[in-house]
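Read through the structures below before going on.
In the two assemblies presented below, subunit A is common to both, partnered first by subunit B and then by subunit C.
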Partner chain A sequence: MAVEITGPKVLFTIGPVVVTNTIVTSWVIIALIVAVCYWLTKDLKPVPETKKQIVAEKLVSMVYDLTDSTMGKKWRNFAPYVAALFAYSFVSSMSGLTGVRAPTSDLSIILAMALVTFTMIQVTGIKAKGFWGHFKKFLNPLNLISEIATPVSMTFRHFGNIAAGVVITTLLYAALAYFSTVILNLIPISFIQQIPVLQVGLPAFLSIYFDVFTSFLQAYIFIMLTMVYVSMAED
Partner chain B sequence: MERAIVLAASAIGAGLSMIAGIGPGIGQGYAAGKAAEAVGRQPEAKGDITSTMLFGCAVAESTGIYGLVVAMILLFANPLIGKL
Partner chain C sequence: MPNTYLDLVSFVPWTLIFTWLNLFILYSLIKKFLFKPVNNMLEQRKNEINTMYETAQQAQTNAEEMEKEYSERMAQAREEAGEIIKQATLSAQRREQEIISDAQEKAAIMTKRAEAEIAQERKKAYQEIKNEISDISVAIAGKMVQREISAADHEALISQFIENVGEV
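Entry: the complex of A and B
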């Protein structure tokens, strides 16, 4: 029995642009997040009357509290970026629950997120210390390596955790399918033998760890590291 | 023949690269033990301790994840076969 573990599948190409299934999923997720944000912030009142406005205000104040406690009050305008990163990363990783390939198990998508953060670190450094003031630390080549290691390690940490979940879940499904055929071969009806009985229920426990816990943790780590690195670039 | 040697060596290399999992295991266990100690000493700070521990664990995990990425590259996207 063949176990097929592949990367994201290429659906079609537009000129030089390759569109994979993770890119399509990620656009759907972006549209979903935008729609939810639009729905939550529609006709707001000065004093909240509806439940959805209370939820929206709670979410916004949670993000503000997080940035305040990690980066300080003057970094408040950084909060929308943090919230966007968190929402995208979390919803992307959770989308693995619906059976599609999670966009965060694609290296390119995480790399894009990490490069945005990397650009932000450099821009913050240049803004705070001037062009030469920021780049003179690269006269020591070790600093150059550690600077480049930042986005690489962020990418690999997030990608590795989610992709490991995908690989292990695939292996578990294959193993459970095999074991259920072994057990059901005792019944001499070929229709029943095809049903992978053991796949019901058992992977859910693994899914709680890999899809729910890891998704939340990695999204949290990603935004925490982003905030720490950006606020560190200033001094 | 060459292909078989490269494939076998890649499989062994993928297995060997997962030795990197030992380090994060020890480190995270140590962090979790210290966190349990801290909760025992100061139970009211449980929330802060837990979030700090999870953050530290996830950062300590990265060397293990590098090993995993190397193993996955060797198994699923082997760059060495193209060099034959």
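Entry: the complex of A and C
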């Protein structure tokens, strides 16, 4: 019994444009996040009347607290990007629970996110110190290597964790299916033999770690590193 | 190449571009639908609270002013009332004095007049008696003349008569 572990699937192509299933899932996730935001902030009142308003206020103040404490008050405009990054990363990773391919287990998507952070670091550095002031530190090759290593390490950390979850879950399901057939082969009815009974229950516990915990942790690490690197680029 | 699976570690440039677009769209929409409304509402809340504080402050200042004015007026009114009572008492006392002295004066005048009347009346009575005495004397004298009384009788009669008159 062969287990095949693949990457994202190409759904369709328009001319040279390649659209993978992870991109389509991303669109659904973005629509979902925006819909939740819209619903949360539909009828805001200075005196809260609904629980959802309290949730909306809490979310916003949490993001502001995070950016204030990590980057400082002058970076308040950065908060929506942090929220977008976190929501996208977390919901994407969690979407693996529904059986779709998590966008965060696609290397290209994580690389794109890390490259945005990398660009922000360069832009912030140039804005704060001028073009030459920012780039002269790369005369030391070690600085250049560490600068390039930043997006690479961010990409591989996030991608590696989520992809590892996908790999382990796939392997686990395959193994459980195999063991169920071994056990059920004792019953001489071919229909029953094909029911992978062991797949019920156990994967749920493992997914608490691989999907819920890792999803949150990786999303949090990604936004924290983004905030720290970007604010550090100033000095 | 639709419906083909890529390798687990694969790189698709189009996915990169789509993700950048996605991130930008998500950032804009989260800003528009989550941060902006909440920030606007917080601003509104702040303004409302400030207005409420200002109104409360104003109301308190007004109340304090009114209380001050009220107590001032009360004190003034009490003073005025005291003044009025004092004035009234004074004028009543004066009036009392006037009435008393007036009454005394009138009484004195009446007493004087009564005394004068009495004196006049007495005088008049005295005169009348005197006249009567004279008449009686003349009558007695006429009778005496008719009877031819003695000198001693005459004298005794007169003195007796005068004595009687003196008792009038």
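By our rule, the second predicted complex is superposed on the first by the 235 of 235 C-alpha atoms of A that agree within 3 Å, B and C clash if a C-alpha of one lies under 4 Å from a C-alpha of the other, contacts with A are read in each partner's own complex, and residues count from 1 in each chain.
The criterion applied here is as follows: a contact is a pair of C-beta atoms (placed from the backbone, for glycine too) under 8 Å apart; a residue touches a chain by one contact, two chains touch by 3 or more.
On a predicted model such as this, the values are computed, not experimentally measured, just so you know.
Model built by superposing both complexes on subunit A: subunit B and subunit C fit together without a clash. Once the two complexes are overlaid on the shared chain, A:Met71 sits clear of subunit B and of subunit C alike.
In the superposition on chain A, A:Ile223 makes contact with neither subunit B nor subunit C.
When the two structures are aligned on the shared chain, A:Asn161 is found in touch with subunit B, with no touch to subunit C.
Contacts of A:Ala56 after superposition: subunit C is touched, whereas subunit B is not reached. Applying the stated contact rule after C-alpha superposition, one finds that A:Ser153 touches subunit B and leaves subunit C untouched.
Considering which of subunit B and subunit C touches more of subunit A, the answer is C. Residue contacts after overlaying the shared chain place A:Ile121 against neither subunit B nor subunit C. Once the two complexes are laid over each other on the shared chain, residue contacts for A:Gly7 go to subunit B and to subunit C alike.
Once you line the two complexes up on chain A, you'll see the smallest CA to CA distance from subunit B to subunit C is 5 Å. Taken together, the two structures place residues 5-7, 163, 167 of subunit A in contact with subunit B in one case and with subunit C in the other. Residues of subunit A that touch subunit C in their complex: 5-13, 16-20, 22-23, 26-27, 30, 33-34, 37-38, 40-41, 44-47, 56-57, 59-60, 79-81, 83-85, 87-88, 106-109, 111-113, 115-116, 163, 167.
Put simply, subunit A touches subunit B in their complex at residues 5-7, 153, 156-157, 159-161, 163-164, 167, 217-218, 220-221, 224-225. Of all residues in subunit C, those touching subunit A in their complex are 1-20, 22-23, 25-27, 29-31, 33-35, 37-42, 44-45, 48.
Residues 54-55, 58-59, 61-62, 65-66, 68-69, 72, 76-77 of subunit B are the ones touching subunit A in the complex.
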